[in-house]
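Letters are used for the chains, namely A, B, C and D, taken in the order the chains are written, and counting of residues starts over at 1 for each.
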Amino acid sequence: MDFGLVAQYLLNGIVLGVIYSMVAAGFTLFFGVLNVIKFSHGDVVMAGAFTALAAFAGLELLDAGVGMFAALIITVAGIVAMATLGAVLARMLILPLRNAPPLNTLLITLMFGLALRESVRLFYPNGSNPKPFPQLLPDLSMTFGNLALRLDSVLLIIVGLGAIVGVHLLIQRTRIGLAVRAVAQDPETARIMGINFERVVLLTFALGSGLAALAGITNGLYYSEVNFGMGLLLGVIGFSAAVVGGLGSIYGAIIGGFLFAGLQTIGAVWFAVPAYKDVFAFGCIIVLMAWKPTGLLAERSSERV
Amino acid sequence: MSAPTLDVTGLTVRFGGLVALNSFDFALRSEELVGLIGPNGSGKTTFFNALTGIYPPASGRVTLGNDDITGLQPQRIYDAGITRTFQRLRLALSLSVFDNLMIGNHRNLYHGIKGNLFGRKRLRQQVEENVESSRRLLEQFSAPLATRLFDSVFQLPMIDRRRVEVCRALISSPQILLLDEPSAGMTHEETRALMDDLLASRERMPGLAIILIEHEMGVIERVSDRCVVLNYGQKIAEGSYRDVSGDHKVRAAYLGED
Amino acid sequence: MSTLLQIEDVISGYDQADVLTGVSIEVPAQQITCLLGSNGAGKTTLIRAILGLTPARSGRIMFEGVEITHEATHRIVGLGISCIPEGRRVFPGMTVRENLRVGGYTETKRDAVDKRLEEVFETFPRLEERADQLAGTMSGGEQAMLSIGRGLMSAPKLLIVDEPSLGLSPLLVKENFKVIQRVNELGVTVLLVEQNVRQTLAIAHQGYVLSKGRIAAHGDADRLRDDEEVRAAYFGN
Amino acid sequence: MTPGKRDFRALIVAAGLAALFVVLFLHLEAQWAIALLALGLVLGLYFAVRAGLLARVQAAASHHPRAAIAINTIAGIAIIAVLREEHFALLMLATVCLFVTVCLGLTIQFGYAGIVNFSGIAFFGIGAYTTAVLTAHSAIPHLLIIIVSGLVSGLIGSLLILPMLRTRGHYAALVTIAFGILFRTFLEVNDTLGGPQGLKVEGMRILGWSLNDNISLGPLGTVSFYASYAMLALFVAAAAFTLIKRLERSWIGLNLDAVRTDETAAASFGIDVPRWKIFAFTAGNCLAGVAGAIYAMMSGYIAPASFNFGDSLLLVSIVLLGGSGSALGVLPAALLVVVLPEKLQIIQEYRLLLFAVLVILILRFRPDGLLPRTMREYLPGWGRK
């Protein structure tokens, strides 16, 4: 196998890794701050992409549907809409069930995701078919031997990594990030310190959901296509990545995201039938869970008896 | 004097850098009731958890009779005849009083798949026997409670839940009963009644030894044969309640006297 | 002498355990008031009620003449009540500096927070040495120090200290009590909740003894020191 | 009238009403009638629970467990007899019975032992594919194939539970979700198993008699071949129900409940937590596999598209809608979830959306389900002591 092909696989793997990490970062934020798994997350990724698509349709009506400017507008639209949705969801479904068994939260969000998916399929114009996603990024590429380095891929990697690093800095460096981390470590003590618990939770859910929207849009721009069912697999992959990395740690999410992308890439190269890549990747995840039951960067916790 | 039933030597439990229990020596004889006291966080519950296999000990040795039971799984410790209650009740609230008691009687029940699903003669016999014995046991604590054998624990007030938890620990006729603060959340009068009932039912269980963690000193004074005082994970005194409560180290631990 | 915190006939319960059955206390400004009682007497429940973590079922809690009985915790804290919780509860995965910043969360001006940080570091030079160490990796004594420092970061009017002696060696307990006394001398009102009678009464001005969810005795520290009720609350005789 | 007679009368009336309802529900075509019936079922159950009528029937059933099962099986046979010529109605009836069987399996896992399984349809699928392969490539008698298919499902499940034992809650849930997706993807890409097109499955033959033939009754007309499958599915569901009830009313059922409610307390009283988790998971998956085997033979054709993650969610919704841990609740819940979208064309398109909203509402406002689980009764007539 020559260098160009390897580099091609590598580049593809990196884009995937960035997308997965963004989704996983959301899972990790929610889990960190409230110890819940919000399983509708994958469908929020999808809904974010579709919101952007709708925004694009609006721009086209105004004859503004071209170029980087349009890309920026639809991205902002998707992120804002999903951030709002995330906060509303936390307020309506997740906070009220805070003292119920954790499984109930998992189920109720699974079902919310299903509802979201079905709503798009049924109510988005022609939503049950794959929709082409507009090509808004500069269509340039450089070739090095067999490697065609597309400028848009590079752009997507930069924006995606930038977003994750941005969220990471927000959490690590700002006052509000301090509050988020305090709530994540010990909600009650955080409240004693004067932190408004509910506001921090809603903010975290908005943040994670906004990131999900960005992941969805990145996915759409990269593959030039979105469909109503794309969230399911992306959600499960994001969840796997977050869990394998160790829930509650942003680093874990990044490691998990790239690990999963790497496994898929290896699977695609390794097997004669590239479609086995998901089987291979999920098989590895199950084995990994057996080996490190609480993830690679696990947070220690002990039960009080 | 008979040889100790339970013999603990040098038991140490660590959580990370924290030594929750430091080289603890303890012996318990058959039929003895030992009060275990000490300020908050002194290692009392940690001792119970290490003894019952919930926390692995860092070092030390625990023997029951002639058997070494150090660091065994909780279910093996139970099989060996040590049962307990929990500081915060750990009953199955959605299940009936009888079900909860039968969880405690696991050792004496038949768990084969075949006989539980088919035939069921033995099951029927065990159920009937155990309904009777459960009722008898509950009656020693509270006659009205005995009539609510098939109600869910969820419907019971705190005092009755405590009683159920104590009965769950007693029904398998253990050698040693560990009571972790049975008075928590109850009034003086309720605590007194519970302890009286416990002492009375102990009469019917020859050989039963009890370790009691308790904050109400009045209770300890009234019921214990001997007291052990823990502070910072270390045993600081041992003896009769009178001796221990007069001990300057104990007073220092509780009252901060120099 | 004005009353900073006033608790009237509070009834509260938590997890069906540790129930308060009508507790009234007054905390005068500028003083150290202590609340004594053995394990399970209801001390922690009372603190939770003051902070709004387990709101009182009935009764009233007033701070500076304003009723706070049913306020949200962050608002109560924002009024100038700070708490050093039982078991210290530092944020183990954060550095010492970050822990202190969380303590000053109610202050929105960065300059003010930095200034207080300086002050706390002056009081506890040890914390400055360890400013960038993760709190979870420090010894129990250092964590206790951090917890007190964190409680001071919000420049509180009332500082509630919940069992500072818990799990500490006698020497450290003594040090902690000295610090609390010093804080009080600087003008902060203190509500000190303790099991440890002698050392507490040595620094407190006045106190209450809580036993089984009721006030069993109250009065000046000197009077309580030799009170039979105090002994009874602990040793039941 | 003696209590015994009164019991039997109550049981017969209840079974008769249920049978009448099922016949109408399956037979009627008018959309308004079906909507009315579905609404009637939900409201009827609600008021029957509130007025204590259901408790009386349940007490009677508990007093005469064998009679109760027999009466209801006869009612089931009567339904099949009435609908004997209607292919579609019988197909749906058989499907309901198979879904009941799978969901009873999930009840052991989730309702009793507290193990979440988001890959229920995968174990159903394993049974179906095992049957497809075995009927095509072996001479094993078909009845035996059904049992083998169940065992294969159980075996694969007992491997999957191993990583789940080391972990809890969300982490364990991930394992089943990953497996469910892995299974579907595996089927799609695996050419020996037919890929996305799937496999044809032979119809069932018992002692040379093919279940895929219509039965001619001469002048009395012909009986749909689906009647045979409906009968088989009915018997399997009845057997599964009997087993589940016996399981629940035994020390084993108690052990499973103890594991679910508090693992630490369970272990402190001698209960071997891993052992009972493995048992529950394996037993539940066996039932799913058996149901899948019959489904494969009945539909004659299986493809990966029938084993979606969404279908696993549907199974979980049935269990929750009926009431977690309530075996009886599975019956009306499965009937509603399986039949309603098929019959009510208006909602067919919207069925997943509606179920999603339904489950959200249940979890938020009535977490105990349609027929909440009742206290355990170890012996017949327990409630009357």
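By our rule, a residue touches a chain if its C-beta (ideal position, glycine included) is under 8 Å from a C-beta of that chain, and two chains touch if they have at least 3 such contacts.
This one's a predicted model, so the numbers in the text were calculated from it and none came from an experiment.
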Min route length, chain touch network, subunit C to subunit D, equals 2
Top of the farthest list for subunit A, CA-centroid basis, is B
Comparing B-C with A-D, the one with more C-beta contacts is A-D
Separation of the C-alpha centres, subunit B versus subunit C, in whole Å, is 33
Distance between the CA centroids of subunit A and subunit B (whole Å) is 49
Distance in whole angstrom between the CA centres of subunit A and subunit D is 35
Whole-angstrom distance, CA centroid of subunit B to CA centroid of subunit D, is 43
Two or more other chains are touched by the subunit D residues 264
Shared-interface residues of subunit B (touching two or more other chains) are 54, 86
Residues of subunit C that touch at least two other chains are none
Listed in rising order, the residues of subunit C that touch subunit A in the complex are 51, 53, 72-74, 77-78, 83, 85, 89, 91-94, 98, 101-103, 105-106, 108, 110, 150, 154
Counting only contacts in the complex, subunit B reaches subunit D at residues 52-54, 73-75, 77-79, 83-84, 86, 90-96, 99, 102-104, 106-107, 109-111, 113, 116-118, 120, 123-124, 126-128, 131, 150-152, 168, 172
The residues of subunit B that touch subunit C in their complex are 17-18, 39-41, 88, 158, 181, 183-185, 187-188, 215-221, 232, 245, 252, 254-258
Per the touch rule, the subunit C residues reaching subunit B in their complex are 15-19, 38-40, 87, 139-140, 163, 165-167, 169-170, 173, 195-200, 212, 234-237
Per the touch rule above, subunit A residues touching subunit D in the complex are 31, 37, 93, 96-97, 100, 102-104, 106-108, 110-112, 114-115, 118-119, 122, 232-233, 236, 239-240, 243, 247, 273, 275-276, 278-279, 282-283, 285-287, 289-290, 293-295, 303, 305
